[in-house]
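Dropping the structures in below, format is structure tokens.
In the two complexes below, subunit A is the common chain; its partner is subunit B in one and subunit C in the other.
Moving on to the complex of A and B:
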């Protein structure tokens, strides 16, 4: 093939061949920066974490005086009476926060795309505020909202006027607050993606469906939601994995008290936070390694069973 | 194609080259004779704790002039760092800095860090025995003898005491009188606690009465610490528990004492004198309530007195004297004397290279009655020197001189590298029992299982 091509008009063919070669290596150069980041900031740390998890590294051994334990840390985790408790807390946290994130994201994007554009923009901007507020400031606000008298806003403005018993609401409803705090941040992710998906639906289809007699709700059900299938699955996958490993808001809000200690927070507490200064690096690494395995496992499940391969082929927005 | 690849290669090369340089320069060993720079760190420090490190600045001047008198010209500069970060964060900073060779030459921390940090090689021993360290400087010989126990690990002295405190049971005199107690009864309470006549049971009963008679709001009878801390082991000791066996250098768990302690915490909740979901209350809310006479009994530390006087009590220290009394921690067993936990902070040295003797000189000059009393008065910590107790400014402090007796009935946490995991397991069990998640008996079983897992051979179960 090459030979016959090069026997044609010589400059054209060498340019053609060059273009082919250029095209075939472009993907490599485009991928290189992110591949480099992924290797340096994910694969290498995962490898190092796995290695540390096989040792007895703690503050007391220092980073150089440790010995190999083999599967010792993993056996300790299996035998620990708290393991099931933390696993259950993590599952509840991920499931309920995910539900909140996805449902609220959908609801906000549907409502804000059905109002005048400026108002829609304004509300979406407001919903972005929790995400862009520094976590410490954000949680401080929640703590002040939930605090007992004379500090708490909830108690001052709602509970006391209604004549109900006032209290510090975070210990009483810790799990609810954890879900709300994370959900208010997470909902904006789905909101942005769903909104752009809805706005990419061709305007003539949107208008003609109303002209044809469909109500707004029917249009949502039969035209908008089917278009959102792929964004919905993407948001669900992404946020499941993101929630599995997130703990910073819980750390600042309750520090794992009141049954809110999730697996990632447990790993952090073991490895990097000890009142008496004896950090258990090896044990924390083992906990983190298990989380990585769970995360990768779930990613594989999502990719296979929700046919993610199809998502990255052709944009589905054009098809109805 | 060539342009693209050339550009990409250049970028990659620059990245790799940039990564080859370590972030920041490491501190050079103070081998030069002309100048020495010491960094001194302390953590969990508010404004009132600043003298822990600022005393080093004064001490440096003294050491410098003493050397000059001997004909040695040397400029000693101290970089004091008073870190407000909590203990966990501060100790993490120090551990990571130590691993990177960037540790300060002198670090102030709890005595319990001697064991893990010595084992890790982060700190260096100062002397081979108490006698040896006392012989190094007259200031060290002046330190109260029993305090050296907190600086020992595997037979050597690894630190110099910086301060100490006691953790009394505070009570509201005004509320006790509102309950019907006479002035004499209120005045006699500290002695009764000391002799084991007034126990934790009596305290629960008194608080219950106060709630029933509306002298305090429900849940405001007895307030312990709202967050993790060593204070809690006082109630384990109150029921006859012990943490450490010096003969075998192992940690101990006494199941009966543990269960009785957990029951006590749970009974405080079920009697309505302590809120159930209490752990996690913010410190400022806690201080505000106890300093302003809203609670009947609460356990706290002597160092909080000045903090309350300056930052929380609306009427300043006068209000505190009017309303508040204090005593040892009541025992759980009738006839067993009350006691209290002391948690001395200590100066530790991180590097032999740090000009060896000059560091010990500096610490010695920080351990004088003048400088230590300055810190003691500002932050209401207790005397560590024998000469301090009769030193006028200290003796004149009404509060400090009236609590110093507690040091005769005190105990310490052990210097054992695995104490951290011991405490975590025991504390988490207490929280579970107090909040009703588990019965005290079940909580104890789980704690013992966890301790055996975490500590293995380093544990004795009684």
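Moving on to the complex of A and C:
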């Protein structure tokens, strides 16, 4: 918007001054720190992951005694009978948590946009709480909810009054808790995106539909939901990728016990944290490399669906 | 008629209160439990299992633990280091990306976006090796007082990794803020012979204070809550930061003192809640603008 009036206004001296600056390397110094960090903590690690995945490196071999395996680690993963188990746990985790996230995000945004504005804001603020709560504190809350008598909240308030058998529910229903724990955090993402989409629907359409005799539910079905098609796709693809690679909450809640070891956590356990202390760097890297490749691939595809050209427009200040 | 309208207005409230119960109950418990000898469900109990037992003992115990001050200092260092690091590095990088035309700009921007979508937790295994190499650098590696250094098994190293992984988000947000500033004053300054660096420092930064505040608060909260990175890269992780100590106290295989644990949890939660209540407007900018998809 500034470009049009500046083009003719620029006097000769300023063009010269700016032209001189164009040759300068100022941009290089501005970018140097972040480029350095990106190389050391993104690009180098991607390479390291790929390279180490081709070796048999463990704590025992150290950084010097290892040998090349070629695709040995990957063939081992294929041959490992546990692979199917972890793959299944991962699929279940991603699919059900994603469903929970999207549906709950949609429900919360629909409810909070159908109540007085201030109450809507308040409840959305409550639903953001799990995301900003420190993960260990958040999981602590879930552990006490699920704990056995006499402490457990679920057992004290619901199970005991109903006369059912009380127990610690985390080992009993580990998968359900994994989905709930991650879902209550993840739902806020959809909630925010859907709410801003609903609020951007023109007011006259929203009001006239009711005047014309549609019920609130009909308005949701025929006016609001069709507008949410794009945000729904966005939230679904974005969260698929982050769920596929996330394991922090599972690590704190069950540490992968009770059939909740997902692929990313499996990689972490192999390479950086297991009970035997002999860390399988090569194997862990191979498991992570698969996720890295999926991650890079999805991130690139994902950008194509963003209107990327608009996001990287040339800066206007130098186009005098 | 009015009664029916009133009841209908009540439906969304009832629905959302029921749905929000798990969240509300968790917070309620932590509040009650810190001031109770023990809790059965949500009820405070004394040692004999009778209703009552309200006490400050948990807080006294918490602050008598000599470890708490080291933990607080470490966590504070991580949070502040992350905040300052992300603000400085990303506002530096965002300036040329928003304002200067240079070869490779488009490539750098695309990479920032790709890295933003890319799940960086998958790189932790490899970063372990990077930190081990950094640890071998004399002094910088593990010879700096207070923060240890920037290598494996130091708070400085954990901070550096956290900064790096937060950068794509930071750069992207900062670029967005720079893009919204009119460049008339800036152009006048440049024509008058002001250097790019001075322009950035004296003309642009003051204009994006709200943006800096938003990213700063967000980074502080991230650093203060951070668990996975310190847990992974510090060997004696229980004495690293508040999160890791809390995790140690609540891990299986030992009787858990819930009162003490709740006090520690609330101690970690409080600064975040205070920030959240007073700066929600800023934080929402981040959450809607560029956060990761989240778990």
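Criterion: the second predicted complex is superposed on the first by the 246 of 320 C-alpha atoms of A that agree within 3 Å, B and C clash if a C-alpha of one lies under 4 Å from a C-alpha of the other, contacts with A are read in each partner's own complex, and residues count from 1 in each chain.
Everything that follows uses one rule, which is that contacts are C-beta pairs under 8 Å (C-beta built on N, C-alpha and C of every residue); 3 or more make two chains touch, one makes a residue touch a chain.
Source: prediction; values computed, not measured.
Q: In the superposed arrangement, which partner chain does A:199 touch: subunit B (first), subunit C (second), both, or neither?
A: It touches nothing on subunit B or subunit C.
Q: Check whether A:143 is in contact with subunit B, with subunit C, with both or with neither, and answer first, second, both or neither.
A: Both partners, subunit B and subunit C.
Q: Can A:65 be said to touch subunit B (first), subunit C (second), both, or neither?
A: first
Q: In the overlay, answer first, second, both or neither for which of subunit B and subunit C A:44 touches.
A: A:44 contacts subunit C only, not subunit B.
Q: With both complexes overlaid on chain A, does A:80 touch subunit B (first), subunit C (second), both or neither?
A: first
Q: Using the superposition described at the top, determine whether subunit B or subunit C touches more residues of subunit A.
A: Touching more of subunit A: C.
Q: Contacts for A:278 in the overlay, against subunit B (first) and subunit C (second): which applies, first, second, both or neither?
A: first
Q: Return first, second, both or neither, reflecting whether A:133 touches subunit B, subunit C, both chains, or no partner chain.
A: After superposing on A, A:133 lies in contact with subunit C but is clear of subunit B.
Q: So in the superposed three-chain picture, is A:151 touching just subunit B, just subunit C, both, or none of them (first/second/both/neither)?
A: After superposing on A, A:151 lies in contact with both subunit B and subunit C.
Q: Using the superposition on chain A as set up above, list the residues of subunit A that contact both subunit B and subunit C.
A: 18, 21-22, 29, 63, 143, 151, 272-273.
Q: Sort out for me which residues of subunit A touch subunit B in the complex.
A: 18, 21-22, 25, 29, 32, 36, 58-63, 65, 76, 79-82, 143, 147-148, 151, 168, 170-172, 174, 254-255, 257-259, 272-280
Q: Can you list the residues on subunit B that touch subunit A in the complex?
A: Contact set of subunit B toward subunit A: 1, 4-5, 8, 12, 15, 87-89, 91-92, 94-95, 99, 109-110, 112-113, 115-117, 119-122, 228-229, 277-282, 285, 417-421, 423-424, 428, 431, 435, 437, 446, 449-450, 453-454.
Q: Can you tell me which positions in subunit A touch subunit C when the two form their complex?
A: 2, 6, 13-14, 17-18, 21-22, 24, 26-31, 33-35, 37-38, 40-42, 44-49, 52, 63, 97, 104, 107-108, 111-112, 114-115, 119, 123, 125-145, 149-153, 155-157, 180, 182, 184-186, 188-189, 192-193, 196, 235, 238-239, 241-249, 251-252, 264, 267-268, 271-273, 281, 284-285, 288, 291-292, 295-296, 298-300, 302-303, 306, 308, 311-312, 314-319
Q: Flag every residue of subunit C that touches subunit A in the complex, lowest number first.
A: Answer in residue numbers: 9, 12-13, 15-16, 19-20, 22-27, 29-30, 33, 38-43, 45, 49, 88-90, 92-93, 95-102, 105-106, 108-111, 113-115, 117-130, 132, 160-161, 163-165, 167, 171, 182-184, 186-187, 190-191, 193, 195-197, 200, 221, 224-225, 227-228, 232, 242-244, 246-247, 250, 258, 261-262, 265-266, 268-269, 272, 276, 280, 283-284, 287-288, 291-295.
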